[in-house]
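Report on the structure given below.
Each chain gets a letter, A, B, C and D, in the order it is written, and its residues are counted from 1.
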Amino acid sequence: MTAQPVLSVGFVGLGVMGAPMAGHLVAAGHQVTGYDLHAEARNRLAEAGGRAAESVAEAVAGAQVVITMLPADPHVEQVVFGEGGVLDSAKPGTLLVDMSTVRPETSQKVATAAAERGVQALDAPVSGGEAGARQAALSIMVGGDEADFARAKPLFDVLGKTIVHVGPSGAGQVVKAANQLVVGGIYALVSEAIVLLEASGVDAKAGLDVLAGGLAANRVLDLKRESMVARQFQPGFRIDLHHKDMGIVLAAARQAEVALPMGGFVAQLVQAARSMGFGSLDHSALLKVVERFSGRDPHDEQTANSHA
Amino acid sequence: MTAQPVLSVGFVGLGVMGAPMAGHLVAAGHQVTGYDLHAEARNRLAEAGGRAAESVAEAVAGAQVVITMLPADPHVEQVVFGEGGVLDSAKPGTLLVDMSTVRPETSQKVATAAAERGVQALDAPVSGGEAGARQAALSIMVGGDEADFARAKPLFDVLGKTIVHVGPSGAGQVVKAANQLVVGGIYALVSEAIVLLEASGVDAKAGLDVLAGGLAANRVLDLKRESMVARQFQPGFRIDLHHKDMGIVLAAARQAEVALPMGGFVAQLVQAARSMGFGSLDHSALLKVVERFSGRDPHDEQTANSHA
Amino acid sequence: MTAQPVLSVGFVGLGVMGAPMAGHLVAAGHQVTGYDLHAEARNRLAEAGGRAAESVAEAVAGAQVVITMLPADPHVEQVVFGEGGVLDSAKPGTLLVDMSTVRPETSQKVATAAAERGVQALDAPVSGGEAGARQAALSIMVGGDEADFARAKPLFDVLGKTIVHVGPSGAGQVVKAANQLVVGGIYALVSEAIVLLEASGVDAKAGLDVLAGGLAANRVLDLKRESMVARQFQPGFRIDLHHKDMGIVLAAARQAEVALPMGGFVAQLVQAARSMGFGSLDHSALLKVVERFSGRDPHDEQTANSHA
Amino acid sequence: MTAQPVLSVGFVGLGVMGAPMAGHLVAAGHQVTGYDLHAEARNRLAEAGGRAAESVAEAVAGAQVVITMLPADPHVEQVVFGEGGVLDSAKPGTLLVDMSTVRPETSQKVATAAAERGVQALDAPVSGGEAGARQAALSIMVGGDEADFARAKPLFDVLGKTIVHVGPSGAGQVVKAANQLVVGGIYALVSEAIVLLEASGVDAKAGLDVLAGGLAANRVLDLKRESMVARQFQPGFRIDLHHKDMGIVLAAARQAEVALPMGGFVAQLVQAARSMGFGSLDHSALLKVVERFSGRDPHDEQTANSHA
């Protein structure tokens, strides 16, 4: 294994995902200058051996690679396009790696605007959640040019385990969207299976064990069937975040001009979960929506009484 | 390991599933008397070392255990309740094991009527398909009394690998229904993922590889993603059979008085596949429905032209 | 207007629909012999000037036309095919008019079996509910031969206002199914409109008034928008009955080999209403399901509290 | 009837809707200065007795009321917020009436920004289409302050027949969204009814006549059932426009935090219609999607052949 070059990295967004990621880059020997709206987050990076910047511009100024890890499309647009933002501050030749989960069209807009300034851009959303970020075990789905991917690869290797270049600009976001569609849908299906089993007087645990041994097997069943049957919904990955992601799924489908009826319905289920007040529970709490909709809500005493 | 007792088994229904199952029982040393409407099927059993009966009554007459493996509810009702059928012919104390996939209420009706004649009954539908039957690797989901399950267990051990007693009469059918709901739904979700990826200009194979490495992982992705992307739909398990099974899912939900919106929609997708003429393709051909509905049908030239 | 011939009519099923219908036929001068399981119902017919029979056979024996008005498929099968039933008792040349709402295939089975005995059969389900039956203002959708329709027409004219021969045997049931599909779907759509308006802080009454004046106009809006906004759900037509009818819609679609995704989902909504305990409310109570699913349930205090 | 005051009106957007609307205002005696990107459209207004402006700023400069009638959200944002746009040019006290169909949050953003400049704003989307615009028979749904509504009322009276103030800023858009949800859904339901009738061998025309006489009655049935059964889909209101509107429905639901499963599915059906290449057909062409999905496509010979 050859020694990796030390890179100067500007890192914008030091939240629950960004903070451990920036920390891993520091630990790997890279020169990381980070910025976050919260001073506390900036201080933690400094304590970890990075450098705290007082503005996006300062974080970006001398960087070879700028990584952004932000909550949603408006934040990315503000940080990239805003006054004093990345494109105002980055010198030509900088590589901008947006690891936020946003709409494919936002990634494409960023890439196009960046190119006009001589800046290269990749979209590189991740899956694996907070645990994946802390353990440097993220899956990273990358859209953009092959050469830019190669340039960012040493950094990705520090942050994740599954790292795939899936296509041109925006492609990373599309794969992430497909992932969230399938994950959300499987939660809904497993929820309907649980509701059907329980309503039929069948032991759900025993029934799901059989499912997990055949063609219905899936990772959600492996990891979550016990907690779902027990109605334990501590996150994990919150409904609110999956709600945001389903918005991206629908936007991606609209942009690609395809109808996704299952996706459309899963988006409504996740919206329902949020509307019912379950936004801060784990996304496995889709079971609560399916249960309420199915007319069964045995674990919610107040509602059960209201049926009487 | 103690020697298993030799049982006299009446086996009704020697089709693509029943034939290899009866063969395994013969090979394991049991005395199997089989009946099927087709003489050819009866002859094959005789060649394999079993005994061919000329009627259901003859197959059932001296049996300790009667196994039925039939296409659908009407066949089970005919064979069990019809003149000269199982209940007309079985002596008290016989154990009737229906391994067909039917509605839970059919299984319960069989069990109730059997009890009135002093016959015990189990519902024991299987998953794993023809390959599972040939390789004696079926999953067997059993509903009925514990003692009856214990009595049939030596036979199940010959036929399958995952053998679970999941609850009272009908429970086996409910678990099978839950399984088919989840399997059908995952096919639809993976199909929508493929359509979204391809319509967005992303390499579907690379994208699905990422999905298969994270929380979206499932056995359908493992086994079928390559053939689906290549549009190869040789069965496997035919759409027509999955259509029958989705009818059972909806009937089970109706009996249990629960709403299953995902299940309801998956049933329509499978119906659509059948209506479009794909009934004899593998159930992964749900992709063709999703593709046609999404407005993309790149592999069906005639339709593509009709858009022009 | 020429004098109508007096017909001898056997009438089986004197419930909330059948009783007033039989009464109208008596009042129009026909000789009506009625049977119902409940003695009280039979007595009421006698008081109204009809004749009470002690069995189906007695009601059918001398009749030129037999009308059946029964709750569901199993009752029709029992009354028509059962021992001492219509086909056992009717003399050749009798016209059997089944005005029950059942599956098209049940109507076709009745017609086929009747023909084997020299009995002609029509399926003639109605819409308009109890009010329509009492006011002799039913819509009657008739399947069967043109000549048989002509023969029954004088009786239909006594019972209804819109009387249409829509096709061969079973066609009446298909049209009734299509009607219930559209009615159920419109209730769901209007419910979603109400939920969207209210959740957005818009006066639902004013908003629906606009809808009722344009292309969205429909009879449900005309008749029910005020009671729905006020959450008044006295029947009218009960959810339990619409649930039965949606089962017929799905069975009709399955028989015709067509996928009906909207119909499939409406069936789940109606099932949900029933599962939630709203079975005896008016079908406009679909609003309660949509509201609960949408995460808004302002009129159900206990549930509202459970969100807190 | 008292004489209405003559108002000076700036009118931006003189397309198929705006042109006849501006013409009606001119004919009613108002002083209309209009702007459109296309010179031809400006010239037609001048020929009709209005005044053609060379820019938004010029149209807005001296106006008491500014009306905008634009295709979609980005156009409204550009015309209102852009350099030289309405808010740059309007003097305090101007009333801005946006009659475009856009997201409720866009209307609210416009109203908020306008208020900061001392400009009042109403959202006043319409239904009734080109025919309604030409015949001055639009339905106008108005959101905003009561006093501002009163001020604009004389202009609305010139343009429409049903004019309702439905609530605060954005409320007009929400009612328009609810309208399009119900209209789209009814088209889908009527389509499924047609498909079920035809697939069952029932004369669709006769069947729909019955539906149109009962609780299923609706204006779509009244106006479109003959053309739908005949597969005539000349617009009318184009699928592409309904697709845009379903996007607004979903955005409005998301903003209001409600789940709308029927709405979500109708949006996918409309997307499918567009993806299949039917974007420029009338929205009654949803029937083509339902037909294709149902597996029946008798009027599309090429697809029919491809099933063979």
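Here is the rule we use: a residue touches a chain if its C-beta (ideal position, glycine included) is under 8 Å from a C-beta of that chain, and two chains touch if they have at least 3 such contacts.
None of these values were measured; they are calculated from a predicted model.
A.B. asks: To reach chain C from chain A by way of touching chains, what is the minimum number of steps?
C.D. replies: The fewest steps needed to get from chain A to chain C is 1.
A.B. asks: Spell out the chains that contact chain B while also contacting chain C.
C.D. replies: The shared contacts of chain B and chain C, listed by label, come to A, D.
A.B. asks: Select, from A-B and A-D, the pair of chains that is joined by more C-beta pairs in contact.
C.D. replies: Output for the comparison: A-B.
A.B. asks: Looking at C-alpha means, what's the farthest chain from chain A?
C.D. replies: C
A.B. asks: So the centre of each chain is just the mean of its C-alpha atoms; given that, what is the distance between chain A and chain D in Å?
C.D. replies: Whole-Å distance between the two chain centres: 36.
A.B. asks: With chain centres defined as C-alpha means, what is the inter-centre distance between chain B and chain D in Å?
C.D. replies: Spacing between the chain centres: roughly 51 Å.
A.B. asks: Multi-chain contacts in chain D: which residues touch at least two other chains?
C.D. replies: Residues 253, 257-261, 265, 271-272, 274-275, 293-296 of chain D each touch two or more of the other chains.
A.B. asks: How are the chains arranged in terms of who touches whom: line, ring, star, complete or other?
C.D. replies: Topology of the interface graph: complete, with all chain pairs in contact.
A.B. asks: Give every residue of chain B touching chain D within the complex, in rising order.
C.D. replies: Contacts found on chain B: 261, 271-272, 274-277, 289, 292-296, 300-303, 305-307.
A.B. asks: Applying the document's contact rule, which stretches of chain C touch chain D when the two form their complex?
C.D. replies: Per the touch definition, chain C meets chain D at residues 104, 127-128, 139, 141, 143, 162, 164-168, 170-171, 174-175, 177-179, 181-183, 185-186, 188-190, 192-193, 195-197, 199-203, 206-207, 209-211, 213-220, 223, 249, 252-253, 255-263, 265, 293-296.
A.B. asks: Touching residues of chain A toward chain D in the complex: what are they?
C.D. replies: Result: residues 247, 250, 253-254, 257-261, 264-265, 267-269, 271-272, 274-275 of chain A touch chain D.
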